[in-house]
Each structure stands twice: as structure tokens, then as C-alpha cells.
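This structure is in C-alpha cells; I'll ask about it shortly.
By letter and in written order, the chains are A, B, C, D, E and F; residue numbering begins at 1 in each of them.
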Amino acid sequence: MKFVIQINASPREAQAANTGYQFIKAALANGHDILLVFFYYDGVCNAQVPAFAGEDDLSAHWCALARAHALDFVLCVSAAQRRGLASCEGADDRRLAPGFRIGGLGQWVDACLKADRILAFGV
Amino acid sequence: MSVLHLVNTSPFETVALIRCLERAGEGDAVLLLENGVYGALSGCGFSAKVAAAAGSLDIVVLEPDLEARGLDRARLLQSLRLVGYSGFVELAVRHPLSLSWT
Amino acid sequence: MPKRFVFVVRQPPYSGARNAEMLDQILAAAAFDLAVDVLFLDDGVWHLQSGQSPQNAGLRRFAPMLQTLELYDVREIAVEAESLEERALAAEKLILPVRCLARIDIPDWIAGHEIAVSCG
Amino acid sequence: MSVLHLVNTSPFETVALIRCLERAGEGDAVLLLENGVYGALSGCGFSAKVAAAAGSLDIVVLEPDLEARGLDRARLLQSLRLVGYSGFVELAVRHPLSLSWT
Amino acid sequence: MPKRFVFVVRQPPYSGARNAEMLDQILAAAAFDLAVDVLFLDDGVWHLQSGQSPQNAGLRRFAPMLQTLELYDVREIAVEAESLEERALAAEKLILPVRCLARIDIPDWIAGHEIAVSCG
Amino acid sequence: MKFVIQINASPREAQAANTGYQFIKAALANGHDILLVFFYYDGVCNAQVPAFAGEDDLSAHWCALARAHALDFVLCVSAAQRRGLASCEGADDRRLAPGFRIGGLGQWVDACLKADRILAFGV
């Protein structure tokens, strides 16, 4: 099946992003496709690289997962701009962990139309 | 289209679980995860409502989150079933829609 | 047939940028010419309370932005009757015309969509 | 040392207000602010507990947050008083300790 | 006389970095040789549940870090008896030795401090 | 009276940071002193400058307040490092809105000892 996943919470304040990560790993292991992982609200903070690798560095796990499975990790541009993760011009990939890119809600809607299942982690 | 409901907050603190059960339709599934797994406990204020709802709903508990919190299976309501992340994926496959209750 | 979306709002207003982001997502789906419904449940119905004046709290007015749901092609704005009753709100005094659904009818109404999104 | 308790979540969704009232001591103040102002409503499930607690506690509502949410004063419990941000500061001056209930 | 601190914990564990940051703040006060007490209330008592195994959920063990409260000069680790009872937890099975306070005694106990901090 | 204020929430996800800001303005207007405003947990995100000035740009209000009253706005270094607002070496003021600086929990404890009142906004 084709999944679209939405991640809405910062890994610093809630378990939800980690749950989404575990779900995606299990879905891939079970042969499903992940069309898009869309980071929205405070979820865009998953693309932030903490200054020290450590207890809660989910961004490193996201990077490895994106690389291993050629996944598309998109941050909503306006949510990222609000949180200092993208400049006014849009993309500013220097601030993002590798594997993440800036995109828009249109990509989310588009992927939803192609997907069999839509799941969100964190409200 | 049946719905997979995700409940991730503690029923000791929020009414999300109860509000979810009130809006879940027959054949829907309710997955208790993260702090929502406390909703699987027997002998608590909310337990009777959860047990009653388990008659028409598939109420499921995410086992890794249960283990994380050190909750003994002997303390859980009998009518619920446990799954891992693979079982979570299966639930998402079985139910076309999903809603989160926080 | 195009997919029918339902967005479910359960949280009250004034949570930073969340409200605007919730609305952006709803309007993005509506912009694709899809059938988009919005359901206000529980404390989400407080979004529809008339007479909100957030300026003295240093907050922006969100109600006028929410009222744009009418202008865009959002198909149905629904509220749960019991959520209103518990808060002593009257459907006819809300800031938007709404369809009132009984709690018992909510599951079937939600089941009539292909995509459901909890958005606050 | 008396305590200023800050409650900022909706009593329709969380038990923070009730848990706070259970732990507030005589002479303490409870300020309802942000989504906590819904706790000032009369005629709701929690209203009797709030009205009863107002006998021994100074229960105060932050008016700008009330206005923000469009809540009519006529709908509030009678025994509560309203303050602005200056009144909030006065409460903090009067009570040496403060605790937040979310 | 040095100020007496009380930190009040009401939220359950596993909320990202919050837990570690809560502990950092408590230990920072303790490092100043101040009288520091910690009170676990409501879902906060779940921090003290024994047998937590978060590895399968991809989470780090926090209980061992919390147990360092004993090593540092934290004066009193208190829990509310009613919070334990509502969750069918027994004080003697927790991961730390605690002082058990009845709900009715909580206000006076808190009032015996000069600084109170809600920390999760 | 001498106040220490702790801000624990991001202005993007909650009203609490705004409430703290309103409280501080009122305290100053009533002749009180603000010894320290300490940003902790997701509260450090108040020092993030959104890419577009707009509806929820509390950071601009914080900057103006710090300037007008010579207030000390300190971000906890480890909380800021976790959220990409400080480098490993500690201070990296380029990422912070003017008026904010990086500090530590020790400064918070120290200020608490000198203060008459401690208030926190957001848990």
C-alpha cells in the first residue's frame, strides 16, 4: 500500500515524532511504500540538527532512513519559515539535516490523492 | 470506511480517550499508544467505559509503549489486544481512515 | 471520483501559529477542487464563538480568517450538537453557518470520506 | 507562604483545574488564564466544584483572555473576580509562591 | 537561611527532551547547596514506576537518570499517596525511596518552601 | 519587587510565551524589576526570528522590550543546542534575535536566590 505520513510534533517535546519514525520503519519492512513524509506545525523541527549528538537526536535517524529507502521528506515552507528553518526566499537547505527539503502544502495534497492511506503523528 | 483512532494522551489527565470512544463507529479500531496506553489499565476510573466499548470496537494497545512505561500485562483489561509496530501498520491497512485524539 | 476530505478540529483557538496552519491545510485541499468538509468537535467549537476580541491579550483576530472557509469551496462546515450543548452555545449565534450533527451520527458522517485529518 | 496557582488548560479537556483545586491551600489564589478561562463558566460539569472552592480560595479570571474568547460575563460564576495583567502582577506580589497546572 | 526549592512534576515520562531538561533544572538547584525537594503528583508518579523498558519503542531509559536524585543532595523526594492509589502503585515498589504525603497535607508542605517550580 | 520569569513554550504552539510577555510589560509598568527572563524547554524558540514578519512574530516584541528596559534575556545553552539555536561551542548569537543571549541554569538559580518572586509561563 502507498502511505502518506504527516509528522506534527517536535522530537524535543513529545514522543509522536519517534512513533511516526517507528511506524515508517515497520511499514517499509512490511513491503509498503511511503510516498511522502510531510513535516508540519512543530514537526518541521525534526529537520533541525541538535548541536550535540545525543539522547534525542532523531534527526540522525531520519537522515539514515531517508538515505536507505530514498524517501521524500518535505517540510512545509511556511511552517519552516515561522520556525527559522527556511529563509524568505524559500529553500535554505544549509539549516536542514541531509535528506529533508522544503516544499509546500500542494505537495501534501497531491500525495494524498495518490495514496491509499494517510496517517498523522501528533496533532 | 472504517476508522483507526489513535489516542496518545493519558486518560488520568485528558478526556481524549472517552471523547474518542463516543465518536468511534462499530467496526472501528482504537489504538492506545504513547501516554494513551494508560487507558488499557483495569480498575481505574475510566476502565468500565473502555471495557464496555471493547464490545463493538477493536481496542488495541501498542506493546512497546506499554513496556516503556513498565505496565504489567496482568494490570490490563482482558478484552484488549496487544500489537507491535507491525501490528500498527496492519491496523492502518485494515482501516482506510485515521484520526488522532490528543 | 475525487477524494472527499474531512478535517476534524478539537482544540480551542489561540495556540500560536497552529490556528493559521490548520486553516492553511484546509484551504490547500479546497484549492485542489476537492470535496472538503470541516468538523468542529469538543473545544474546537469555541473557534466559532461570536464576539471574540483578542486584541487586549496581544493576540490577532483569527475568526475573520476562519470565516474565509465560506468563500473558498469548502463543502460543509459541521459541528456536533452535543459539543455545543455542553458549552451552552447556540448554532445560530456562531460566526459561520454550520450543519449540526448529532453525536450518534458522527461515525457514519466521518465514514463518508476518503481522507480524514485531525488538525488541532 | 501562600501560592498563586496558574491554570491555563480547558476544563472540558483536562483535569488540571480540578487537580489544582484539590491541592490549593486556604488563602491561595487560582488564576484562570488562556484556555483556563473556560473554567469560569457557570452551568458546566465542573462549575459546582469551582463554585465550592471559591469559598476558601481567591479564584480570579484573566479578563483579556476572557474577551479574546468572546465569553460573556453573564455566563460566569458569580463568586469569581476579573483582573487584567496589572491585577495578575498584584496577585504575584501578594503570593510568594507560584505553580502552573497544564 | 538558604531558600528552599520545590519542583513539582505532574506529567508522565517520555516526552522528548523534556524529562532530561526537568532533571537538569532540579540538579542545577541542588548543585548550589540549596534545600531542594521534588514532589511527584498525578501522572508524574509514573516516572517512579519500576520495570520501565523503553528500548523497543526506540526511547532512552530515563529511570536511571532520575535515580541520580538520590546521589545528589536532593533533600526530599515526595509523592502524593492519592496519586499512587488512583494508579494502583505501591510506594515500596517505586524506583526511588520516597516520602508519602496525604493530599490534605500537600498545601502546607508546599507552603514550607520559598521557591516553587512546576516542571512537567 | 524583583521578579525572575521563566518562559517554557514556543510562541508557535501555545499562548504561554505571549502571556509571559504581557505579564512582564505590566510588571515593569507597575514599577517592578525583572532580574532575568530565562528561556527554557521550547521557550528558547522565542529567540528565533521567523523568516517573515507577521502574525506571530513575538521575537520582535521581545527585542523591543529588551532594548527599552535593558532586560536580561537568557537562553539555557543545552536547551538552545538541542533546538539548533546554539552551536556546540556555546554561544552562536547570529541565530538569535537581538537582545537574547546564551547562558546556563546556574544563572537561573543565581537570579532565583536574589529574587522576590519566580514565575513560569508554560510548563
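Heads up, the rule we're going with is that a contact is a pair of C-beta atoms (placed from the backbone, for glycine too) under 8 Å apart; a residue touches a chain by one contact, two chains touch by 3 or more.
For clarity, every value in this text was computed on a predicted model and none was experimentally measured.
J.: Using the touch definition from the top, what's the fewest steps needed to get from subunit A to subunit D?
T.: The fewest touching-chain steps linking subunit A to subunit D number 2.
J.: Find the chain most remote from subunit E, comparing centres computed as mean CA coordinates.
T.: C
J.: Quick one: point me to the chain whose Cα centre is farthest from that of subunit F.
T.: B
J.: Let me have the rounded angstrom distance from the C-alpha centre of subunit D over to the C-alpha centre of subunit F, please.
T.: About 25 Å separates the centre of subunit D from that of subunit F.
J.: When the C-alpha atoms of subunit B and subunit D are each averaged to a single point, how far apart are the two points in Å?
T.: Distance between chain centres, rounded to whole Å: 32 Å.
J.: Hey, how far is the Cα centre of subunit C from the one of subunit E, in Å?
T.: 39
J.: By the touch rule stated above, which residues of subunit E touch at least two different other chains?
T.: Answer for subunit E, listing residues that touch two or more other chains: 10-11, 14, 17-18, 42, 57-59, 115-116, 118.
J.: Out of subunit B, which residues touch more than one other chain, so two or more?
T.: Correct list: 12-13, 34-35, 64-65, 84, 96, 98, 100-102.
J.: Which residues belonging to subunit F are in contact with no fewer than two other chains?
T.: In subunit F, 10, 12-15, 19, 22, 41, 56, 82, 118, 120, 123 touch at least two other chains.
J.: If two chains touch, include that pair; go through all of them.
T.: A-B, A-C, A-E, A-F, B-C, B-D, B-E, C-D, C-F, D-E, D-F, E-F
J.: With touch defined as at the start, can you tell me which subunit F residues reach subunit C in the complex?
T.: Checking each residue of subunit F against subunit C gives 10-15, 17-19, 21-22, 55-56, 61.
J.: In the complex, go through subunit F and note every residue touching subunit D.
T.: Interface residues on subunit F, with respect to subunit D: 1, 3, 14-16, 19, 22-23, 25-27, 29-30, 32, 116-123.
J.: Tell me, which parts of subunit D touch subunit E in their complex?
T.: Those residues of subunit D that touch subunit E are 1-3, 19, 22-26, 28, 96-102.
J.: Considering the complex alone, what residue numbers of subunit D touch subunit C?
T.: Against subunit C, subunit D makes touches at 10, 12-13, 34-35, 38, 41, 43-45, 63-65, 67-72, 75, 84.
J.: Any idea which subunit A residues touch subunit C in the complex?
T.: Its residues touching subunit C are 6, 40-41, 76, 78-79, 82, 104-106, 108-110, 112-113, 118, 120, 123.
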